[in-house]
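Before anything else, here is the set of structures, which you'll find just below.
First chain A sits with chain B, and in the next complex the same chain sits with chain C.
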Partner chain A sequence: MSSVEPVPGTAASAASAAPAASAVPAASAGPAQPAAPTGDVIHDIGFRHYDGQRFGRGWVVRSLLVETVRGVFGLGRPAKSKVMPWVLIAILLIPPLVIAVVILLTGGNELGISYTQYPGSMELVISLFVAGAAPYCVSRDLRHGVMPLYLSRPMRRSDYVLAKFGGLAISMFAVLALAETLLLVGALLMKLPVGAQLVGWAGGILTVAILALILSGIALVIAAFTLRRGVGVAAIITGLLVVSGVVQILIAIAKDKGYPTVASYLPALNPYGLVDGIAVRLLGVEPSNSTAYPAGPLGLLVFGSLAVATVGACLAILIRRYQKVGGV
Partner chain B sequence: MIFVVMHLTVRGLLGRRRAVLFVLLPLLLLLMAGLVRWASGGDPQSTVKLTNEFSVGTLLPLMCLLIGTGVIGTEIDDGSIVYLLAKPVPRRTILWSKLIVAWGATLVFAVLPIIAAVEIAGDEGTRLGWAYGVTATLAALAYTAVFVALSVVTRNVVIIGLLYALLWETVLGGYVPGVRNVSIRQWALAAAENMLGDRAPVWGVTSDVSLTAALVLLAATTIGAIVLAVRRLQTLPLTTRD
Partner chain C sequence: MIAGLDPSVGSRDFTGARDPGDASPAGRSVVVENLTRTFGPITALSQLTVEMPEGVVGLVGANGAGKSTLIKVLLGLLAPTSGGARVLGLDCATQGLAIRQLVGYMPESECLPPDVSATEFVVHMARMSGLPSAVARERTADTLRHVGLYEERYRPIGGYSTGMRQRVKLAQSLVHDPKLVLLDEPTNGLDPAGRDEMLTLIQRISTDFSISVVVTSHLLGELEKISDHLVVIENGVLQRSTSTADATQLSGVVLVEVTDGGPELVARLRAAGAQVADDGGAHTFTVELAGEWVFDAVQDGAADLGVGLVRMQRRRHHLTEIFRPEQEGADVQR
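Up next is the complex of A and B:
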């Protein structure tokens, strides 16, 4: 009897039958009891504790942001996932490269495309890039039900949204800014006036920054509601393409019927038109596709506030969406 | 057995949230057609512009892509195609039943709305309606077959498909004339150009390819895509990637 490992039930029955003296050795023969649980531990099974420094909320957000940016470019993901982003980036960088090479060979005296017209001319490829990246950023975490794991860290729900939004916007901005810089290199190679080109380039950088914010917001909202793989990409690209096509038709109709004021405000419905309108009114550059935009400070005010409202609304929808998110 | 697979495919295609797009996009097209009619008063030239640029140029490839990936791409993506492939049904039959459903869906959700949009926006008799009906049908058959084949071959079907349908055919075709000879849209437009006869140049319905060449190329592309899809489905690697 004494050689048998005491189980709680028998120990208790022995304690109840015999005096206290026989119960005490039975308890001490068992495994060493873990340290008394402290207040913040649910179930301590005796593993060694982590005593190092904890970096806290800011570091979690920073790590999430870095992971998002890396993932958009396929870094840290399998080779198959690297193909698509880099093919699209290559296509985005081809026009500036071709322009630079043509200038070098023929010695032209003007850029084939202005800094602010570049995003509008690559509309489809930019849309494809953001459509491919946004579902990667948010859909997988929702689909595989790992959000509770993120939220069990010292990070708020809005932190997650802002980190993902920031990561996607930074990635998009990096790609587009690189293309703008290539255009600048081309312009400097043909010895255009440096000052004017730098001003134009700065305007282009500002334009693509606004565009990256707006597109990231819209794409993330759609991606956060389409969890199935492949559906998010299709939904984002369908939305962006159809809006762009419909707005073009509406502008043509408004012009035909003799409502030029309406026609000048309609481009604001398309993210690319909205950003181009802001650039035209703010920087005084030529519009892309010779679109007409509302004149004067009122136009800038309307387009600018619409851009701010779009980004704000997208973030608000995302934060609201993540208030309820839990397991699968 | 083919009907069972078709039934399952229809349910998978229309029972999901993406089916909302199949209804919304045609409705949007009809709305646009109404607005165009209001603006132009039924001028066939405006109809041609709307149909060439929006209906056949953007909406039709998009719908074919959504439907083509919807019938088989989503199943491959979430891995549930295994349960279908494990059944004693020839892969050929599986692919054909999915393709037939996809063709039927594009006919209902893309081709018919395009014809309706032409009639709403303004037509001369029913000449434009017939011409664009044939063009849209031919293009839908080829696009759907290509996109179904692409969904069996690659996971990035949406991006690759759109790069072809929009960047290659629309943007590159504008700069490099030779590219327009390798374009489903141009091949299909050849039919409309031929059917409209002497009115085609007036309304601006032109194609860069002759009718015989266009029909041969369309048939070759469609059949090639189907053969490729069947062969790839017979040796489908089932991997997961994210």
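Up next is the complex of A and C:
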């Protein structure tokens, strides 16, 4: 390219020297300095090749994960895509804020809600958040045919699934962990014993981490089978709410009929109950909504294995689903 | 299907049979050996053996001929039922990741999310090809400019015209500076002007960007303009693999058009011993190109008669002329 660049200049000066017959010098310059279409060359710096570093799968998956997290919060998307997640995040953060403010003003001596009870009390809002985010993560790429572009990149199909799952789970965890941390701030402002509060907070963080994994898995599975974003949102929210409602009814019936053991295992069918049960048996905290959970290590074992199995099954279904996706 | 064809036609461009395992073939971006791919009872590709040189390779075939299946095999996304293929010297069956780092792909279908801008999307896709973020941003700006997207690249893709979308699709296949791009029906859905622009752009990818191109189309006519080499497949079977220069070689006839005095010039040329055929109009005729002297004779004759020489053009065969009789022959065999 650089060897060609002086040519138009030379031709132009030759032309200006003989303005009456500008075509003549250009033509006579032709054979000596071949093929320089004047004007085209000056501004066109040409296609630049890239000889630098190209990262492998690790970077590609990380990039997809980061893009997913950004997208869940509406970053890099139009303003209207930012409304829902941030309204819900605001709602999720209001209770800890209110508690902190109330404590500050009234000088109370206990948190209105425990770290592990908090997710259960915000069940609806959390469900709405994941219902809005999961279809963005996967339905969009399915519906608009973006999968072939991802598949033609240096990564595997399962990498896509893991990046999307990781991105959604991390996003959910970030929001819930922030709320937990606000609760901790409130507690510390109240001058409650720091050690005990930190332990409680750590338990809360663990609880929301498990919850984020389970909810992300379930929501992504539903979203991966619904191409339309709206349908995906509706399917996830109804799924989570219906399951929650049905489980409540079943528990009530089981108690009524005199099967307290059955009733104590039933909450495991609801993601929020499952996580709360694990927290209660693992950390020895108070259950949310004063639900009864199976006693002893067996309860923890059952609830724990069920949580692991749920996440594993969701990932397996997703990976299987994506073996056939994308028209490629 | 090919019963009506000369059996030598399909393999005429690679008579020098080479080792199947010949790695990193100089001058050849794609080498396919005995490739067969079946989907249950359907055979999409059957015993396909073909080599594609660097430059622009046109892959022609009707819908369902196996073009897209071949591209998926080349990308390492679809395992061959038997046989194999190498892209840039890499084995498609085992080195898919390495191939996809060096190859760009533009799918036939709609593949752009509507709610992001072209810049955001292409930067993302560049990172997904392994480029560091800063390089991805820089190359996205460059590449979008090269494909002809300017201010509109900051607007969400949802508002783009088909032509602009095709450009974004092309840009994402080029942004990581691949050695080879596979373009699946890039002119689909474009109006005639957009079609020509896209074809010019594809030619530039090869000539100005030095990136090899494999471009598919079901229209032979549009690929003939830009391809250096043509591969024709039908029902998964290779019909022809030939360089465009060979196929459209000079036919040995010069078309001459003069402003005036056509008959006089014809008489002069005949006197000089040239074979002249009238081409309809009084001032247009064709001359058999018996040697270089014919050009001089035409030029001198026109000068002596004092008539203006409008055009003196060697005629080329059109690919359609070459393929048409065979296609008809194949149809008859059916």
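The rule is short, and it goes like this: the second predicted complex is superposed on the first by the 276 of 328 C-alpha atoms of A that agree within 3 Å, B and C clash if a C-alpha of one lies under 4 Å from a C-alpha of the other, contacts with A are read in each partner's own complex, and residues count from 1 in each chain.
Please note the rule applied: a residue touches a chain if its C-beta (ideal position, glycine included) is under 8 Å from a C-beta of that chain, and two chains touch if they have at least 3 such contacts.
Worth saying up front: this structure is predicted, and the values here are computed from it rather than measured.
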item	value
First, second, both or neither for A:V125, with chain B first and chain C second	first
Which superposed partner A:E67 touches (first chain B, second chain C, both, neither)	second
Partner chain in contact with A:P78 - chain B first, chain C second, else both or neither	both
First, second, both or neither for A:L198, with chain B first and chain C second	neither
Partner chain(s) touched by A:A316 [first = chain B, second = chain C, both, neither]	neither
Which superposed partner A:G145 touches (first chain B, second chain C, both, neither)	second
Partner chain(s) touched by A:A90 [first = chain B, second = chain C, both, neither]	neither
Contacts of A:P154 with chain B and chain C, given as first, second, both or neither	second
Common interface residues of chain A - those touching chain B in one complex and chain C in the other	77-78, 81, 140
For the chain B and chain A complex, residues of the former touching the latter	16-18, 21, 25, 28, 32, 35-36, 38-40, 46, 49-50, 53-54, 58-59, 62, 65-66, 69, 73-74, 77-78, 155-159, 162-163, 166-167, 171, 241-242
Chain C contact footprint on chain A (complex, rising order)	46-50, 52-57, 59-60, 63-64, 67, 76-78, 81, 140-141, 144-156, 327-328
Residues of chain C that touch chain A when the two form their complex	72, 75, 77-78, 97-98, 100-101, 103-105, 107, 109-116, 120, 124-125, 127-132, 135, 139, 142, 146, 156, 172, 176-177, 208-210
Chain B contact footprint on chain A (complex, rising order)	77-78, 80-81, 83-84, 88, 91, 124-125, 128, 131-132, 136, 140, 226, 228-231, 233-235, 237-238, 241-242, 245-246, 248-250, 252-253, 256-257
